[in-house]
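The structures considered in this document are given below.
Shared between the two complexes below is chain A, which has chain B as its partner in the first and chain C in the second.
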Partner chain A sequence: MKKFKFRFSRRAFAYPYMIFLLLFVVVPLVIILINAFLDDANKFTFQNFAEFFSDAGGGLTVLGNSLIIGLVTTLICLVIGYPCAYFLAKYHASNRVLVLLFILPMWVNFLIRTLSTKAIFMALDVQLGMGTVLFGMVYNYLPYMILPLHTTLVSIDHSYIEAAEDLGADKMTVFLKTVLPLSLPGIVSGITMTFIPAISTFAISEILSSSKIFLFGDAINMHFSKTTNSFGVGSVMSLVMLVLVVVANVIVNLTSKDEEVTSVL
Partner chain B sequence: MKKRNLAARICAEGYLGLVLALLYLPIFLIIVFSFSGTSRFSFTNGFTFDSYKTLFDPEQNAGLLDALKNTAILAVSASVISTVLGAFSTIGIYALGRKTKKLVLTVNQLPMINSEVVMAVSLMVFFAAFSTIFPQGMTRLIISHVAFCTPYVVLSILPRLQRMDPNMYEAALDLGANPFAAMIKVVFPYIMPGIVSGFAMAFTLSLDDFIITQFNKGDTGIETLSTYIYEDARVKSLEPFWFAVFSIFFVVMFTLLLLMNIKRTQKEVKK
Partner chain C sequence: MKKFVSAVAILLLACLVLATFAACDTEEKDSLVIYNWADYIFDDKLTDFKNYYKEVTGKNIDITYVTFDTNETMLTRLTKGDSNVDVVCPSEYAIQKLIEMDMLVPMHYFDEEQYTASFSVNVNKDIYEHNSDNVEPGIIDKVSATFGNINVEGKAEPVSMVDFFVPYMYGTLGVLYNKYAFMDLGIYDEEILNRANWGILFNDNGAGELLSEGLTGSILMKDSIRDSYAATVFYLLESGRLDGLKNKDGVYYTEMPVGELINAVDDQLLDCVKQVLTNQKSQLFGYEVDFGKDDLLTGNAYVDLAWSGDAMYAVEESWNDELGEDGDYELAYYVPHSTGNIWFDGWVVPKTHNPEHLDAIKLFINYLNRPDVAAANLLEIGYSASVKSDVIKQDDDARAVLAEGYNVYAPELWDAVDEDGNPIAQDECDFADWEEFELYFFHNSYENEEGDIVSYDEISGSNWRYPFESAALNADNYRNIDSLGVMRDFGDKNHDVVTAWNYSRSAGVNALPLLGWTMLAVAVAVAVVFLILRIKRVARHTVRTHSTDAEG
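== the complex of A and B ==
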């Protein structure tokens, strides 16, 4: 009896938060879902989906562009970030301060960093456009790529590498057949941590291209602003974004069984 | 062979140095030229503290001070609320049945994995739909910040709770403590490190947030530091005033974070 009571009382601590999550996380998303099927007069319609997927307002084109920019950003981050994480794990595994230096920019407000880069580009007379946007994106998301990569690379059991070496593998083979596959969870989680924010961010592209380049995040932002007020299409776009997020996370969960890697900050 | 290793090592160090230099170059340039008194990245006026003097000009700093005040109120209340909420609910979640636990943890992950824009928009639409219950202004901001901070608190406490020996709690009960006392005297001290790091995470996340605040601040004129920077510095070009503000920010943030981490490393070494 006593046991039952104690279990009951401990569970009760979760109930307020469960209600909170339901109210402020689940219900808002449900409202977005409902909104996607409503027209201006609050009547049921598929018009919003039709408008978005027929690219009438250019939403689909923006999504395509964002996917490309996001992909390129992620690729550059991976190419620059992987060697960083690898060398850090190889030579400086115990040097936490150095690792920290690579992650630190993450904690400086991204607007401050982006506006600083813009000021420098302006001073150097660099034409604001695709190049500067990509630079800003890579500059902003590189730490998010390095962190999960470093976490997995550091946790690789060194005896695997020694075993491979003992069995006669040369350095390249050791890397390709042992280190790289073992760091796959880190790669996947690094890609999601870069790709998802990169396609949906707003402000970075706006600032670094003087509003010439328009990304999916900017588009969602625009649809929900007071002047345009096209909540329906905006909701459809939010749903598309949500689907992308869910797909990305399913992939992460499939590649990594280690929960710590997926939930790394 | 040894020579080749050395060469590889030098290349690696050079590469790391290069990336670090790139990461810090913009920050470094802003700090250096905050002493030029101009925003043109040149020392035509010589070395001067003019940019920093503008910080004390009440006409220029009124908006910034107001934004700082709002940011502080928001970050403190959001992180305190989400830490308390997170700490109690983690204990509750831990005691839940397997299926419910999995469901709650999945929903808990949503704000973390979801794109910030979608989260911001959904909260905005939600608040608009129930605007009589949630008036515009700080209330909405605090609720939305708690909503995206608490999941991180929960996930930083949960691993510690999972490592805790359940017998400790039982022992306290056997020794005559009621469940509440056992919680305060046994469970909480054990999960304290998780609570502290959860709080720190919630605080920095709230401090740093832009997108969710931007969508949910409404038109009451509340600006936090991020939204104020966005409204002011984006529209006008970056004035010397902002050079000074950014420089102070960089230096304060870096010193704090480095100190915090060096201290933590020392503690771990001692252990």
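== the complex of A and C ==
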């Protein structure tokens, strides 16, 4: 009897957040879903889907560009972030200051960081375009790649590496056969944490290309904030985005099943 | 235990409710909910209005002030059911939309009797002054010409917008540019600019050639569908791209009056607009949302599509002591000569307003057209108030507001003291007397040492703070108020315009090469790693064979 009472009250603490989730996550999703099937006169239609997938407003092109830029950003982040996290974990596992240095940029508002990046580029006479956008994205999302990698790498039991060395593996083999497979969960969650925000970003591309590079986030934003009667197509685009995120998560969960790690999202 | 907690909670709640009621009871106040653009009123005037309200009705008033950033946000909020707003200040095309949806109450501001008929006993009609005569008649003419017959949903009789709205601010669409950059490029010349006119935004000199190579990559376009559409249509017309094209009714586009052309949205025109906007991308620095002025001042961009109020504000901010002989404005504003867009913002009352607030609504709207209030607002926000400039020039209170705001030495108008209360000497003021200020403010000119009146901007008639006056002054010139068209709502073409705009925004960016290069880089990296491993293995193998050989 006593036990039951205790459990009941503990569960009650979760209710406020559950209600919050219901109101501000589930309900808006349902509204998006309904809007995607409504035309200007609030009648049921498939026109919004037809319009998006026929690429009349360049929506598919924009989506393609966003995916590519997101992919490339993620790749660059991984290439830069992995060695970085590796050496951080290897030589400075106990040195929190160095780790702090890598997280520090995340404490500054990213809009301020991006605007300052633009100012630096302008001062150096660098022409704003694809290159600057990519730089801004990598700069912004790199910590999201390093952090999960660092956490995984630090937690690898050192005796595995010693065992491999005892068995005669050289440094390269130790890395390829033990460290890399053991850090796979970190890589996977690093990729999700970078790729998903990178495909939906719009502020970075807007600032660092003076809105010349138009990404999927911009397109969705345009349909909702600049017009009153194209919520339908905007909703379809949001749904497409949602599907992409879900697909990314499913892939992540499939690849990391053995590692018993699920994606952060 | 649980019961006790509940009891305490209920008790607390009860106290709270009681306290609220008690607070309400002690002071009976009227209230008013205003829904306006952000930064679109001088905040002190809201407080002043409370005093004015007290004076006229003898009652206190609470003002709730809510803001929006685009007409679209406002329309969404009003149409999707927010009913708490008493008075709103949309642009002309948004008002048209609201009228079509039958969401507004007619105000009949220009008929004093009808406007004041609804006043309750509280309003002291001896103090109340009706200000509709202060309003620039040009605005009413333009609006009746464009929005004289609006069909309301479900009603047979069309209505006129003039009955529904009370003008507040207005302005033009034009080109804000860096005068000194233009001088360096050798294109700061009335003839060159007039020939290029809207082509300035497309780096076209009016004959299909580049206006200046230095302009490539230095043009800012407004990230706004309607304004970009208007500028592009004018450019199409001016550059001869519409020559020989006819609309559905067989009328040549070139023969349509500007006011009609700008509202004649059809597929053919949209295709042209889409094409031109897509091609324009190679000339652009980018699309501007909020940072246009800064980019012009830092020299990142030289040209920007701008509204007159923003432009006037930017020009005033751009004063630089190091330029010219005794300092000069670095930026200038230019409205192309034969075509242009003029727009209006005005106050309307949604049907869902609180009927108890009607006195406050009407007093507030009328209060804004008082010369001194209009002067304070136009001083603060930079757009042209719809009160006639002659009224402002002749009203002592309004003159005092402007004199103080612009630091004019005019002791007859204001105290001319600094923050500590010490009198300011004439040479410490920015303007030596009211005449000098009037020349600057209303005519953008100054008197030089020889006693001639010289314009700050050599491009004639560039002062578009008062478009109607500028047009009247330049009547013998090519500028004429008829050449400024008012844009209606795109109506059922809205969707197509959005699609066209999206298309041209997304065109010209191709990330495929990026993907190609990355793939290549990855392939090279993999190959290198593979090679290194291979070499190492071969090396190890050799070592091992050597050692075996030795043992053998």
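By our rule, the second predicted complex is superposed on the first by the 234 of 265 C-alpha atoms of A that agree within 3 Å, B and C clash if a C-alpha of one lies under 4 Å from a C-alpha of the other, contacts with A are read in each partner's own complex, and residues count from 1 in each chain.
By our rule, a residue touches a chain if its C-beta (ideal position, glycine included) is under 8 Å from a C-beta of that chain, and two chains touch if they have at least 3 such contacts.
What you are looking at is a predicted structure, and each value in this text was computed from that prediction instead of being measured.
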Next on the checklist: Per the contact definition in the header, classify A:Met122: touching chain B only (first), chain C only (second), both, or neither.
Outcome noted: both
Next on the checklist: Looking at A:Pro16 after the superposition, I want to know if it touches chain B, chain C, both of them or none. Which is it: first, second, both, neither?
Outcome noted: first
Checklist entry - Which holds for A:Leu184: it touches chain B only (first), chain C only (second), both, or neither? => result neither
Checklist entry - Which partner does A:Leu142 contact after superposing on A: first (chain B), second (chain C), both, neither? => result first
Checklist entry - Where does A:Tyr91 make contact in the superposed view: on chain B (first), on chain C (second), on both, or on neither? => result first
Checklist entry - If you stack the two complexes on chain A, which partner ends up touching A:Leu71: first (chain B), second (chain C), both, or neither? => result second
Item to check | Per-residue touch tally on chain A - higher for chain B or for chain C | outcome: B
Checklist outcome for this item: The shared contact residues of chain A with chain B and chain C are 122, 206
Checklist outcome for this item: As the complex stands, chain B meets chain A at residues 9, 12-13, 15-16, 19-20, 22-24, 26-27, 29-30, 39-42, 85-86, 88-89, 91-96, 104, 107-119, 121-126, 129, 143-144, 146-147, 150, 152, 154-155, 173, 179, 201, 204, 208, 210-211, 215, 225-226, 229-230, 233-234, 237-238, 242, 246, 249-250, 253-254, 257-258, 261-262, 265
Checklist outcome for this item: Listed in rising order, the residues of chain A that touch chain C in the complex are 40, 51, 56-59, 61-62, 64-65, 68-69, 71-72, 75, 79, 122, 127-128, 130, 134, 170, 172, 206, 209-214, 218-219, 222-223, 225-230
Item to check | Touching residues (chain side chain A, partner chain B) in the complex | outcome: 2, 5-7, 9-18, 20-22, 24-29, 31-32, 35, 80, 83-84, 87-88, 90-91, 96-98, 100-102, 104-105, 107-113, 115-120, 122-124, 139, 142-143, 196-197, 200-203, 206-207, 217, 220-221, 224, 231, 234-235, 238, 241-242, 244-245, 248-249, 263, 265
Item to check | Sites on chain C touched by chain A in the complex | outcome: 70, 72-73, 75-76, 79, 97, 217, 220, 223-225, 281, 284-289, 295, 298, 300, 494-495, 498-503, 505-507, 509-512, 514-515, 518, 522, 525, 533, 536, 540
